[in-house]
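As written, the chains take the letters A, B and C, and residue 1 is the first residue of each chain.
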Amino acid sequence: MLEQQLVNGLMLGGIYVLVAVAFTLTIGILNFLNFSIPGVFMLSGIFTWVLLKAGVYWPLAILGAIFVGAAASLLVERCTYSWMRSSDHYVPLVSSMGFLILFENLVLVQWGSDLQRVVLPFSDLNLRFASLVISIPQLLSLVLAICLVVGLRILLQRTQMGRALRAVAENATTAEILGVVVSRLVPTVFIIGGLFAALGGMLFALNYQQVHPFMGEEVALKGISAMVIGGMGNVWGSVLGGLLIGVIEVLSIHFFNADFVDFSVYGLLLVILFLKPTGLLGASGIVREKF
Amino acid sequence: MADAPVLRLDGVSKSFGGLDVIRNLSFEVARGQRTALIGPNGAGKSTVFNLVSGVYPVTAGRIRVNGQDITDVPSRLRMSRGVSRSFQNIRLVPHLSVLENVLIGQTPRISRLAEVLYPVRLVRNSHWKREAMGALERAGLAELAGSQVDDLPYGVQKQIEVARALLGGADVLLLDEPAAGLNPEETEELRERLRNIADQGTTLVVVEHDMQFVGALCEHVVVLDFGEKIAEGTPAEVRREPRVIEAYLGSDAE
Amino acid sequence: MSGYVEGILVILLLNVVFAYAVYWPLAAGQLNLGVAGFVGVGAYLSAYLSNEYGISPYLACIGGGLVTFVFALIIAVPVLRTKGIYLALATFALGQVLQSLFLNLEVVGGAAGYPVIAYIGLTGIAVIAVAVFLVTAFLERTRFGLNMVAVHDDEAVSDLFGVNVRRYQALAFAIGAGFAGIGGGLYGHHFSYIEPQNYSILFSISVVLFVLLGGTQTVLGPLLGAVFFTLLPEVLRGSEEWRYAIFAVFIIVTMILRPQGLVTTFELRAVRRLFGGGGGGGGSGLGRRAHG
């Protein structure tokens, strides 16, 4: 049924939105494509499963999983970006890929590569409108994603820290001269980005009830595509791109088959890059031509 | 057209987004002449070089080299049409050695596939390398041939730029502040070298702030202010011009 | 030679070919994250040629590489309109689209994979891998290679000195793709079976990782990266499950301590001086940190 598919697509898109925002933050402000984000996403999903299985009270388990993700993101900052501000532009990219491999393989060593089922601590609640079924956790995660993006916009536009972040995005050297302590802001960016990715991973684990060491990759690749399609560095672009990709994905399966999903999603990405690299909503103009 | 001026600008204008940077500029540079383009900061001197070398298209006017109109020739082909240049901020290739940077200067003369596929970095004593070494020797830089360029002092890098620009076989050489950052001794050496280069038939156009340097090197001076030519003549002549004194010497000299 | 050593040598030689597939675009400043797609194009094309038309597998591999080269030259027109990170993302998207094409191409088996009948052994792979290295090493020493460095470092100056910047960039992209195509053909004809899952973004990323680990300033860097990447996991074989984690730590530490990669121009010059070769008196470079 098409309406149901559209609803499912939007719910899935909510997850992509969170990951896309995580990417767009480090790209937009630090001009760095942070490939450790899928690792952070996965760690948070895995820890949701681990903590729930250990019998931890679920609100604590959720918070714990998000904390692990944010901490991992901070670790990446300490070991990649803070060392490399002056060196060649693809170096942080390579390091962050190293962290992705590291996180995945540490989880693999500890818990194996099997798909693990997440047992929910609460019975699955569904809303029904006529013939439409909407899962409450999924609806909540979509609403949460949108609220967080609004919150992030307010943070960037209205607060002292937001102004400092935008100054860094414009030109880190100038910002430093104007008294912004860049070395203190960069970890903040990683933590905020890490929180978004971790939240995505946690919600993915709860919504789809399965986790495994490589769960971050596919979601992150779609998140990157969502970011570019919407407009790199543009937070609302990530929302539009994420929801669009979620819908395209389920429609590709609905009208063709699962093997067709990558063709339509990445085909759209390619067309956007060729015709309008700044994305549907336009990049914020802070993405310089670097890696 | 043997007696055509090597470089000739006719009514050249350039504007960036409605802002006129160069306005109706015309001047000629005769063969073998040493010409200076001077003016206060922001007068548009570097823009003139960028227009002549094709970095920007002109908004209006024509540029001729050896009597040929090159206004619409793409920047890539202008060196082979006779215009070579150096840059205000040093633009050497950091990942190449000094000798290899000078070899890059020969590129405008390369056209055949066999020359493109010639292993110039492998054959030790090729005529290309001999020529480049010769250029370095004349600049007194021969012992630095194998050095990495970004290790070298600023003044030396400037000299390498000049050596590189000369190898393209150009008739007119545009030098953007060649003496900036040099100590008096280096400045003196550079002036001697440029005199020699000019004596061997290369026409020089120099953008320079150091008026003493200009006075000692150049026979002909074009003065720009706010994108317009306000005076032209010998150094002694322009020094007497009231508008030059007002615009340049009065406000911004040294 | 034991089967174990032969198996590792084959992987090593294939990795060398893939390394130069990534090295060429990087030498012109392009990060190609879609190299797996070009490997796949070469693999499927050459397999189809040798399976359906009975062409010699070697000719099929070279032919597959040539077609991949031409395909990349054409696709370079839109791809090179993008720059920097957009270019990396465009190549990523291209790789994904190509992979999903293989997945949906029933004529070569679709998701079920495609068996390859003709076989190429270690010797054949070795000859072609050495040829790929020698062609790269030679081109790097020509004026073409010299100009490529200039294009990488400063497009505007290269243009003023008469280098056709666009043409160099497109050729670097396409030469890399051509090598990827040849490597794909060799892979298919050695392992007798190809499937779309082989040509994922992870393949592209791992090649990019080991090439950058080796360093892109010199032609030897990718070779060293490929050797290292192939042999390190074997050396760590005792600790089977930890080996990729250790490899990852190695990447992170290398990028902190030596972001320009393991081999740079500086080391090469030092070695050449040691053997009394040319290069002139370049002693002033001691201890400098080259920027990659």
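Structural remarks
Assume contacts are C-beta pairs under 8 Å (C-beta built on N, C-alpha and C of every residue); 3 or more make two chains touch, one makes a residue touch a chain.
Values in this document were obtained by computation on a predicted structure and should not be read as measured data.
Set against the C-alpha centre of chain A, every other chain centre is closer than that of B.
Chain C has its Cα centroid nearest to the centroid of all protein Cα atoms in the structure. One finds 40 Å separating the Cα centroids of chain B and chain C.
Centre to centre, using the average C-alpha position, chain A and chain C are separated by 30 Å. Look at where the CA atoms of chain A average out and do the same for chain B: the two points lie 51 Å apart.
Residues of chain C in contact with two or more other chains: 291. Contacts from chain A toward chain C in the complex involve residues 27, 33, 35, 79-80, 83-84, 87-95, 97-99, 101-102, 104-106, 108-109, 217, 221, 224-225, 228, 232, 259-263, 265-267, 269-270, 273-274, 277, 287-291.
Residue ranges on chain B touching chain C, taken from their complex, read 53-55, 75-80, 85, 87, 91, 93-97, 99-100, 103-105, 107-108, 110, 115-122, 124, 143-148, 151-152, 168. Interface residues of chain C facing chain B in the complex, by the touch rule stated above, are 138-147, 149-150, 152-154, 156-165, 217, 265-266, 269, 278-282, 284-285, 288, 290-291. Residues of chain C touching chain A in their complex: 31, 78-79, 81-86, 88-90, 92-94, 96-97, 99-101, 103-104, 110-111, 201-202, 205, 208-209, 212-213, 241-242, 244-245, 247-249, 251-252, 255-256, 259-260, 291-292.
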